[in-house]
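Dumping the structure here so I can ask a few things about it.
Labels A, B, C and D are assigned to the chains in the order they are written; within every chain, residues are numbered from 1.
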Amino acid sequence: MAKLVSLADGVAELVRDGDTVALEGFTHLIPFAAGHEIIRQGRRDLTLVRMTPDVIYDQLIGAGCARRLVFSWGGNPGVGSLHRFRDAVQNSWPAPLELEEHSHAGMANRYVAGASGLPFAVLRGYTGTDLPRHTTNIRTIDCPFTGETLTAVPALRPDVTVVHAQRADRAGNVQMWGITGVQKEALLAARRSLVTVEEIVDEFEPLPGQVVLPGWAITAVAHAPGGAHPSYAQGYSVRDNDFYQAWDEISRDRDTFRDWITQHVLTAEAQA
Amino acid sequence: MAKLVSLADGVAELVRDGDTVALEGFTHLIPFAAGHEIIRQGRRDLTLVRMTPDVIYDQLIGAGCARRLVFSWGGNPGVGSLHRFRDAVQNSWPAPLELEEHSHAGMANRYVAGASGLPFAVLRGYTGTDLPRHTTNIRTIDCPFTGETLTAVPALRPDVTVVHAQRADRAGNVQMWGITGVQKEALLAARRSLVTVEEIVDEFEPLPGQVVLPGWAITAVAHAPGGAHPSYAQGYSVRDNDFYQAWDEISRDRDTFRDWITQHVLTAEAQA
Amino acid sequence: MSANYTADEMMTVAAARQLRDGTACFVGIGLPSTAANLARATHAPGLVLIYESGCLGAKPDRLPLSIGDGILADTADSVVSVPEVFNYWLQPGRIDVGFLGAAQLDRYGNINTTVIGGDYTDPKVRLPGAGGAPEIAASCGEVVVIVRQSLRTFTERVDFVTSVGFGAGPGDRARLGLRGGGPRTVITDLGVLEADPVTCELTLTRLHPGVTVERAREATGWPLAVADDLATGEPPTPDELAVLRALMAA
Amino acid sequence: MSANYTADEMMTVAAARQLRDGTACFVGIGLPSTAANLARATHAPGLVLIYESGCLGAKPDRLPLSIGDGILADTADSVVSVPEVFNYWLQPGRIDVGFLGAAQLDRYGNINTTVIGGDYTDPKVRLPGAGGAPEIAASCGEVVVIVRQSLRTFTERVDFVTSVGFGAGPGDRARLGLRGGGPRTVITDLGVLEADPVTCELTLTRLHPGVTVERAREATGWPLAVADDLATGEPPTPDELAVLRALMAA
């Protein structure tokens, strides 16, 4: 059974310096509040894993939490580049950032393999691109029946995965709906997991498109209403597109960025 | 876009002598009406594929439609053995039946590989059992990252997959809910597909647990209300457990079986 | 002594007692499902029932008649696809206990549910086959087998290895890469056998009330190992019997 | 001649026209999504829009602001997981058209969206990376690229191959085992290029109204192949423009 914890306690207990950490959420349900708590608690040397490192990872990288990034698309969706990510890659500020770069299909299948207890996944992907030149984590494999050559990628097994969902019940079962991305796989692939939720309810109302994750497969659940902002939680909030636009300006300059983090993250209270 | 057809036309056009045919449905939503139509149209030399060949395949085998069976569990669920299946295996009546035998995990993954356009699937399975002694379709594969040895099974690519669902709309989109088993994978793995439905509606009411299959991924849809009987269609019918019991008696004897098929299948009208 | 319960009832109650509250249990139809639902209705209300049809956390208030009974989907925490139940839930070892039946069983808990007699292509009896069992036996934290004990079922050698127990003995599961704990417990209508931690051999550790060691030996097709501290189990309590009979009647 | 529409509007309209009714189209955010939604609102009401967030058959009535915009899930025929959209829908070649952008493009339609200048570990400009593009480029029936034409984007050689077009020329896709048809069409703000069926080289086949061959050549970093029967495309119709502007304003 998942424990119900505060966000601060959940992050303190489950996210450790040097960990491989996946915060997932595909545009929808991005666990920003948990990311801010990781910054507040000053985690260091994290290997950050995420298909689409967007503003949340820009913040973690700029705040100096990350040593390494495993990803498939790093940008500010609909806006442009991630300036803290670029500054880390191009100028090693605030610290060098190692990259391990994949395609979406590769990352998604790496989570599937992790969730399935397999050491690797097979796909038709990467062939002919320059991606395999820069990591040993993209290899070939031959079909034992047809002899055809395909691509293999190793399973992702984060030390901890953090996702945001709409609801949990008191037994720690989690309900999410709308675009649920790769969250189930990312969570099941991890050794430990933390789910932040908009609301804790006595009983779920069944909904079309829902994904229910059993509490016995989750380590901890924390109540963090609004915890996806500026991303959104369908049924609870809408995407704050203005913030994503504003982030472009905030993040362009190191000092403006530091001021923003100080004011909106470091000196802010953890929610709930 | 899926064509809306009569069951008789759908089977006539899509199921051909010598085909590899998968009729799927896991206890729930078993396409009995389509199976009966295949018997009525006198198809021969079929390779029948199904995780759980139960009463529907007992009927197809006893009626002489099958040359080969690819499966993982052949029984009358909750009742006992399949007598027509046993008679075919043990006494080659009405014709010899070749078997290719797997585990559920293996069959499910073979459909997944077929649906994914991959030639094979990898799993932890079969190891130490006698199953690999009797087919060349269970092999080993080494992880290119860890060196660990796992099991590989080839993709299933039926010529045609037939499933039963609750609803279709007029564009041939299909909606099913409740236990949906391996039907999506079996359908997407096939070259052609036929879906029989309880009801054709103008628009779907979204439901918890629904699986919606887009019409552009389906070849044809046929209206066949009650087409899952004696299995059931959640929201439309309940399982006829008495029939499954009665089948034990009907199927024990070749003549009783033949009489039943003549009366209930051969001289019956195709539905709708 | 004439008991007010049947041997099958005793077997089901003994199997139910084997299940600890709060664990996750992969359940097949028949005796395993009856035992698991009895456990959930008595001492283990938080037992998580998983059916291979994709129902996670099913809470039926009557016995399901098939693994795809509508009541399982209606009461489950989550209904997932069949590939998902095997790949995301069973294969990674998330399930604590797997419940299996057997047509034949040997002293190392290897199970046959495929063919009996003759050879594979021309068997004396063709059984249903593997179903989910090989991977349940491979991947669950531990396996509990429920089977009526007789010379027909408890055989020196199984005619076909459908699901691996301890193979040919110590070390075999590790060598084969099987990650679950294997068939630690076999519940029969005569008593309970447990795999010896050193030899892996199924050893009679408990008899049901009124059953003798001799009867158990006579129903076993190999020289049966018997524990030094062989115990006699408790008969079904009135509550267990009442709940079981209500479940069977519903 | 001063047109009553912008070059970007012409490019979007030309891209929309490329999409046939009743086909399935894998759509990225930005120009591709605008063009696909314009097509759906004009000549191709049965166009099936697929977004990598898992939305199959999305029917937004305004432009989504991200590939995970709530309106996509709300209006989709089916919302599936991200692994499913790549494995069950893209990879087997079920999707007719993939729409891609590019930071750099070469004459064989190979695309770079990863790094520009310097080397990979110390680039001059770090771009977002691959996303879904490599497998969209590999597996869709055909690929349509939308990109503004300039010496910066139309380069002799891309600094990084993120997504494969025709590789180094004829036969390369087959040799690499890429099963989709590749980048048959590139739509720019100046005109339309099509891959030559024999040489695979992108060849200017159509200019937008008012654009000259010279301007296209000057915006291309290699000696641009021009079709013998080079045509001039139709300007946007009043209806196309009205619908496009309404979409952009909503």
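Basically, a contact is a pair of C-beta atoms (placed from the backbone, for glycine too) under 8 Å apart; a residue touches a chain by one contact, two chains touch by 3 or more.
Please read these numbers as outputs of a predicted model, since none were measured by experiment.
J.: What chains touch chain B and also chain D?
T.: Correct list: A.
J.: Just how far, in Å, is the C-alpha centre of chain C from the one of chain B?
T.: Chain centres of chain B and chain C, defined by C-alpha means, are spaced 28 Å apart.
J.: Centroid of chain A to centroid of chain B, CA atoms only: how many Å?
T.: 39
J.: Averaging over Cα atoms per chain, report the distance between chain C and chain D in Å.
T.: 57
J.: Quick one: which residues in chain C touch 2 or more of the other chains?
T.: 87, 91, 139
J.: Which positions in chain A touch two or more other chains at once?
T.: In chain A, the residues touching two or more other chains are 117-118, 123-124, 148, 184-185, 209.
J.: Touch graph of the chains shown: is it line, ring, star, complete or other?
T.: Its topology fits none of the listed shapes; call it other.
J.: Tell me, which pairs of chains are in touch?
T.: Listed in label order, the chain pairs in contact are A-B, A-C, A-D, B-C, B-D.
J.: Where on chain B does chain A make contact in their complex?
T.: 117-124, 137, 139-141, 143-146, 148, 150, 152, 154, 206-210
J.: Touching chain B in the complex: which residues of chain C?
T.: Going through chain C, the ones touching chain B are 29-30, 52-55, 65-70, 72-73, 79, 81-83, 86-87, 90-91, 114, 120-135, 138-139, 160-164, 167, 172, 176-179.
J.: For chain B, which residues are in contact with chain C within the complex?
T.: Contacts found on chain B: 26-28, 51-52, 71-75, 77-78, 81-82, 85-86, 89-90, 101-105, 108-109, 111-112, 123-131, 133-134, 148-149, 178-182, 184-185, 209, 232, 234, 238-239, 241.
J.: Applying the document's contact rule, which stretches of chain B touch chain D when the two form their complex?
T.: Answer in residue numbers: 1, 115-118, 173, 184-185, 188, 211-214, 216-217.
J.: Can you check the complex and tell me which residues of chain D touch chain B?
T.: Interface residues on the chain D side: 22, 24, 46, 48, 56-57, 77-78, 87-88, 91-94, 139.
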